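Next come two complexes, and both contain chain A; in the first it sits with chain B, in the second with chain C.
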Partner chain A sequence: MSRRLIIGPFNRVEGDLELRLDIAEGAVASAEVSSPLYRGFEQMLLGRPALDGLALVPRICGICSVSQSLAAVAALRAVDGIAAAPNGVIAANLVHAAENVADHLTHFYLFFMPDFARASYAARPWHDEIAARFKAMQGSALAQMLPARARLLQIMGLIAGKWPHSLAFQPGGTTRAIDLGDRVQLLAIIADLRVFLETTLLGDTLDNVLALDSADALNAWRQGRSSDFARFLAIADDLKLDQLGRIALPLLSSGGYQALDAPLFAAGVFDPASASARAFDPSLITEDVARAWMRDTALVPASAETLPDADKSAGYSWCKAPRLDGQPAEVGALARQAVDGQPLIRDLLQRAGPSVATRVIARLIETARLAITMQHWAMQLDLRQPFLDHTPRCLTGSGVGFAEAARGTLGHFIELGDGRIRRYQIIAPTTWNFSPRDRLGQAGPLEQALVGTVVGDDGAQSVAVQHIVRSFDPCMVCAAH
Partner chain B sequence: MDPFNLLWLQGASCGGCTMAALDRGPHGWFAELTSFGVHLLWHPSFSEATGAEIIALFEAIEAGQLPLHGLVLEGAVLRGPHGSGRFQMLSGTGRTMQDWITRLAPHAGVVVAVGSCAAFGGVAAAGGNPTEASGLQFLETERGGVLGASFRSRSGLPVVNIAGCAPHPDWISTTLAALALGELNADDLDAFARPKFFAAHLAHHGCARNEFYEFKASAEQLAQRGCLMEHLGCKATQAVGDCNQRGWNGSGSCTRGGYPCIACTSPGFEAAHNLLETAKVAGIPVGLPLDMPKAWFVALAALSKSATPPRVRANATADQVIVPPSSGAGRRK
Partner chain C sequence: MGAATETFYEVIRRQGITRRSFIKFCSLTATSLGLGSMGASQIAQALESKPRVPVIWMHGLECTCCSESFIRSAHPLVKDVVLSMISLDYDDTLMAAAGHQAEAILEETRKKHKGQYVLAVEGNPPLNEDGMFCIDGGRPFVEKLKEMAEDAMAVVAWGSCASWGCVQAAKPNPTQATPIDKVIRNKPVIKVPGCPPIAEVMTGVITYIITFGKLPELDRQGRPKMFYSQRIHDKCYRRPHFDAGQFVEQWDDDAARKGFCLYKMGCKGPTTYNACSTVRWNGGVSFPIQSGHGCIGCSEDGFWDKGSFYERLTTIQQFGIEANADKIGATVAGAVGVAIAAHAAVTTVRNLSRRKEVPDSNGGDKSNGKSA
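Up next, the complex of A and B:
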């Protein structure tokens, strides 16, 4: 006999989320993921002067505002094809990496780990230590992590004025020229990040962590190590988190951190089932509104409109359903690292596929990679050259811009006419991951990942459900925008 | 000291005010709140309690069984479509956020709007306001909002508006601490109920471009060092906030970041168009510094321009200092 559970308010995700689970024989038989908040950014941008979008779109999201700015800037650059000042590209990468690393740390310490401090785990041998370290709003880790995060975000003060919500990101580059004193400060901040990562989060040098190239190597490395990453790995083994929240959908990355030639992390689509990679073709993206509270419109975002309809009886979410070549896709750090061929992540995927464990591990591996690259970027800035290119922009035409937010691929699809915004469609990472069903009845990635999860007698209190949801690091405010 | 029970809700929000607040304190924001006796009953981004536990908490407050000293709202209240509030349902409850807020607010010792959305509608009300977004006690400059112009919390205060998009972390923390200490009174608020400790200043005060402002030596394009008011839309002389008297994320601020103030502490800031250009009539900016007679401004600007030192003029349109001040060695009197 099946029964329906409605789970909410769902906290420690960014924004509003409701789950509807059909439970049969103690396990999830079917899931519906609902985004219960609609703010209407795609409507409110219409008719505004083209560059005003740069003030509004970061405000879609308080946790990935830089990603929103950079996707918008990329779309504006695509409209006229005029490149940015190289320094502006590198400076934006530094700020973007700072945001994404801050988000990975926030996710790990504030959103994800506190679930293991729950009383329902009191019988596990690790519980007392984990509760002391990660208890929500109280754990001892916060006194280290929060100041480290604040220090990291000083990169925003130097390059972008403030965070969140900066106007420093422009089609021509960034608006503050960095001088020698600033560069030294940037390097000092990145060095402090590195100290935090090496002593607290990882418990080893970044190089040693990045040298781990297989599940076996990772397992050997974590034995007897007392870092937060090692603590997580021990829990993951004990609770078999590599078997939780498993799906095998295509992993999509639009390419992380544009450089002057190739992005830092490659663009592409990795199929975990066949372990094969293919190119990412943005023209294969569609967005389906069959089960969203939206009226029908074109499937292709470049010609779609946003027409909310709260009374649509088939709808169950304000989130639309993006599809790549007709299929749902998973996005995020796991996708980025898989597409980029990171050896450890590829090996973990081969063994267990995308899961709660691999998603979390990919974020921390990516964090280590970024900290090293940020040091290179800070040295790459050519302090004698401008940060902003002043070539007059052409503000008529259409363009698509992508940025990789902490939680995955973000796309802005814009159409400009007479210097004004005529169309603005946004597909955010969590739109992908937490999409509702489409017209073919295909469930979204989280909806698929929840199926089969054993909830037993815990019902709506099932902590396994909590782990799976948070393993995607959802940003619900972005998802429906 | 009895704990100051605080409930934090997120309406139509981007979550950015919370992300900003998290920047506070040498041992972290939670430790700082605790040191002022603030007990977070629940915060959607950080608390352990989930689902039914939260609903039980809200119901206990509604039933008067649990004292609520402070109710914080981050984000606007959505009243659409057609006044129903259904653009935001509080998940798991089958009730709109609008409904929850109007029911919980009368139980609160103080009600605090964190950010310009909760205060005035803010960005959530931009572009024709498709979701009928509103602030708690204002919609843009108009008094009323969701709770009504006459609403007073149990302490007698109107909704306290920590304006800004996002507000400075200090503004959030300081206001909450002052409220927990019982130190914030009606006369500590300005006409839009913004705490005067930050709102009695202008964003312009302490701007690092002050010399350029004095001489009306203006940047012509973004990233240049000159004053951003004449050409690039800067509203810092009209916007409240001690933005340039304290660092953002260390040493930053909007104008230090090379872009203009968009007056994000002001009700209705989101309605302005062409944010990176100064609106002018006959070559004179429409928005002049608060309190300044236009004729005086025009006269002083003309005089200042004629007196601009070559160094200041040259640097105003450069992205780095190209003419440093002369060393002046031995010339001090």
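Up next, the complex of A and C:
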């Protein structure tokens, strides 16, 4: 028996999302992921003064605006090859890390965990405790997490003035010099973040959590512990979340947080099937529009255009299909930590591959790593040195800039002439993860991850489908922009 | 779903919020609304005795920055309290229910609270291609919006998208993104512009409506006067430097480190009506001008298409204003910019001439840098 199921709209997802699932024998046989929202930023940017992009692109997304700003800034830097002031790079890293940590916390507490408070899990021994703690907009965890998150985001205020949609990021660095008083405040905010992570989220010191280097160590660690991470791990074991949403596509990271010499998290491609890593070559990126509501265009983003075609009968999404060397790729915290060789994540991948569980664990491990690094960065700022490099920029030519948003690799491909924007192409993390099929019929990562999921009689109410979708932490407004 | 007769106070007590916190919330809100101490007891009384006003929060074509701002409001209780008001009804991004179940809640709320609920809209409807650029639940968002607005008491247009169109309406406006009041003509639409609006402004506006069951006083453009009656420039902490003719010429130059005025870097503070320089952002920590970057005027209609955010004014060398004005062209923004440039120049010239009149006066007490 085969039937078709349409699931959408999804809430607790950034933007709009619709799934079409073909169900056979109670399991997903095939999935189509549709992004039903399009605004046309790539068209709007054309012809505008080069630097005006810096005020427009953050507005692609209200939750990862700093990533958009930093990818744009990186592309502008690439155009003329002039580096930024080191202080500006570190200050931007601090803001970027704060945004990404805030996103990871939002994902865990507001978007992901509330699904376990659903009535369909009422029979599970953990249900009452989890419902009391995580029920959407009512759970006790919110009263702890929201203030902690708001406190963390004061970093945005200190360095970037306002968030979302900050303006302080320029090709030469950041517009505001941090003084001694600001640094003290930064350190105090990061210390508060650390307290929240150690007492509420993890229930142990960051160092102890980061010392866990294998699935066995993690399992031993969680026993008898009553932190939110441990609660999740118990549920993950009970529901076998490491078997849910499994795929084995290449994991791509463009390198997270530009440091002065090498990025904090290495760039590269990790193949979970063969457990091998290789270098990331941006020239291998293509974007296919065979099944997108877009007019045909060049495959290579550096010479492609984005023009909508709402009547295209083969189309089923506003999202294009990015491919790396012809293959779909998964991006996100899991990819970053896998490429960087984080021991626990590598071990988990070895056992079960990318799954709902490993994606969530990777986010929390990354959060712990970032909190520690943020402290180092705040100390590293040399307050007597400039935060912005004033070398004149020619603003003519083309360039590619990457930033690792919370959800994964974000690329801006630009071409400038006479100080104006001639071409602008954006590939966002969710464009990768929620890509539609391409001309070869290859399904995108989420489409593949959904196949085989047992929905039984639940149909559109299937909570397994919800877990898989949310394990990617989708940002639909970025995906199609 | 809470019963229609339940008061807001009952709702929050049920959720474990203490009486003390409730009173604090009332006085904080009264202060932010400029109501004073009487206002606090008014709010408290209203929330204790009147049935709660249901709020439905919908998302159109947008980036969710308004929600992001909202859940970060400074007083932790404000968002808890306001979230709990909203939680009982409908919010795309935060609510628990999913898919068609959520749609059913929406429909139920609409029927049950006909003519009583507030419809808060984040984002706007794109009208090109029959609304195809924003499909929500299998049909164009614009249809859902019209339907929900039909039975609403009033519509709150969150942010610059809903109020004016914002960047997604930037030329060539590929999707024909259209502000709410151009689509909803038969209901009061209260505009809370800003990209995003300040969290405390959002909570303040919605609390006012929920408390008093009516809209706050609006200006001619439909914005609440309490938050949008002053320009950023009027209350900017860098204003004395503007008056003294002390300007930043380059990001992070010496003048920037001294906190001089950013007007020459393209700051739109003098033409922007918003509360950024008083309420500030991210828990009152800062606002764009404090980060050393000028205001881009994100709460003003058309800010996205008024010419460059940077070049127009950064190219002004010393006071060669007129020459640059020609390059700008005759856009409205350009014209306003020139007027301000002239204002700045006059102020500075006056100061300089005063200094000449009082050469090397050690205290400078006769010249306070103010001009008429």
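Operating definition for what follows: the second predicted complex is superposed on the first by the 481 of 481 C-alpha atoms of A that agree within 3 Å, B and C clash if a C-alpha of one lies under 4 Å from a C-alpha of the other, contacts with A are read in each partner's own complex, and residues count from 1 in each chain.
The criterion applied here is as follows: contacts are C-beta pairs under 8 Å (C-beta built on N, C-alpha and C of every residue); 3 or more make two chains touch, one makes a residue touch a chain.
What you are looking at is a predicted structure, and each value in this text was computed from that prediction instead of being measured.
Once both complexes are superposed on chain A, the partners chain B and chain C clash. When the two complexes are overlaid on their common chain A, residue A:Pro171 makes contact with neither chain B nor chain C.
Touch criterion met: A:Leu17 reaches chain B, while chain C stays clear of it.
By the touch criterion stated above, A:Ile6 is placed in contact with chain B and with chain C alike. Contact with neither chain B nor chain C is seen for A:Pro474 once the two complexes are overlaid on the shared chain.
Applying the stated contact rule after C-alpha superposition, one finds that A:Gly401 touches neither chain B nor chain C.
Once the two complexes are laid over each other on the shared chain, residue contacts for A:Gly268 go to neither chain B nor chain C. Touched by chain B in one complex and by chain C in the other are residues 6-12, 14-16, 18, 36-40, 43-44, 48-49, 51-52, 55-56, 59-63, 65, 110, 114, 117-118, 135-138, 142-143, 146-147, 149-150, 153-154, 156-168, 170, 172-177, 308, 310, 318, 386-388, 390, 460-461, 466, 477 of chain A. Touching chain C in their complex are the following residues of chain A: 6-16, 18, 36-41, 43-44, 48-49, 51-52, 54-56, 59-63, 65, 85, 110, 114, 117-118, 135-138, 142-143, 146-147, 149-151, 153-154, 156-168, 170, 172-177, 308, 310, 318, 386-388, 390, 419, 460-461, 466, 477. The touching residues of chain B, when paired with chain A in their complex, are 10, 12-20, 22-31, 40, 42-52, 54-55, 78, 81, 84, 86-93, 97, 123-124, 126-131, 133, 165-166, 221-223, 247-260, 262, 264, 270, 273-276, 319-320. Put simply, chain A touches chain B in their complex at residues 6-12, 14-18, 34, 36-40, 43-49, 51-52, 55-56, 59-63, 65, 106, 110-111, 114-115, 117-118, 135-138, 142-143, 145-147, 149-150, 153-168, 170, 172-177, 179, 308, 310, 318, 386-388, 390, 460-461, 466, 477. Here chain C touches chain A in the complex through residues 15, 59, 61-69, 71-74, 76, 79-80, 83-84, 86-87, 91-103, 126, 129, 132-138, 166-168, 170-175, 177, 195-196, 250-253, 256-257, 276, 280-283, 285-294, 296, 298, 304, 308-311, going by the rule given at the top.
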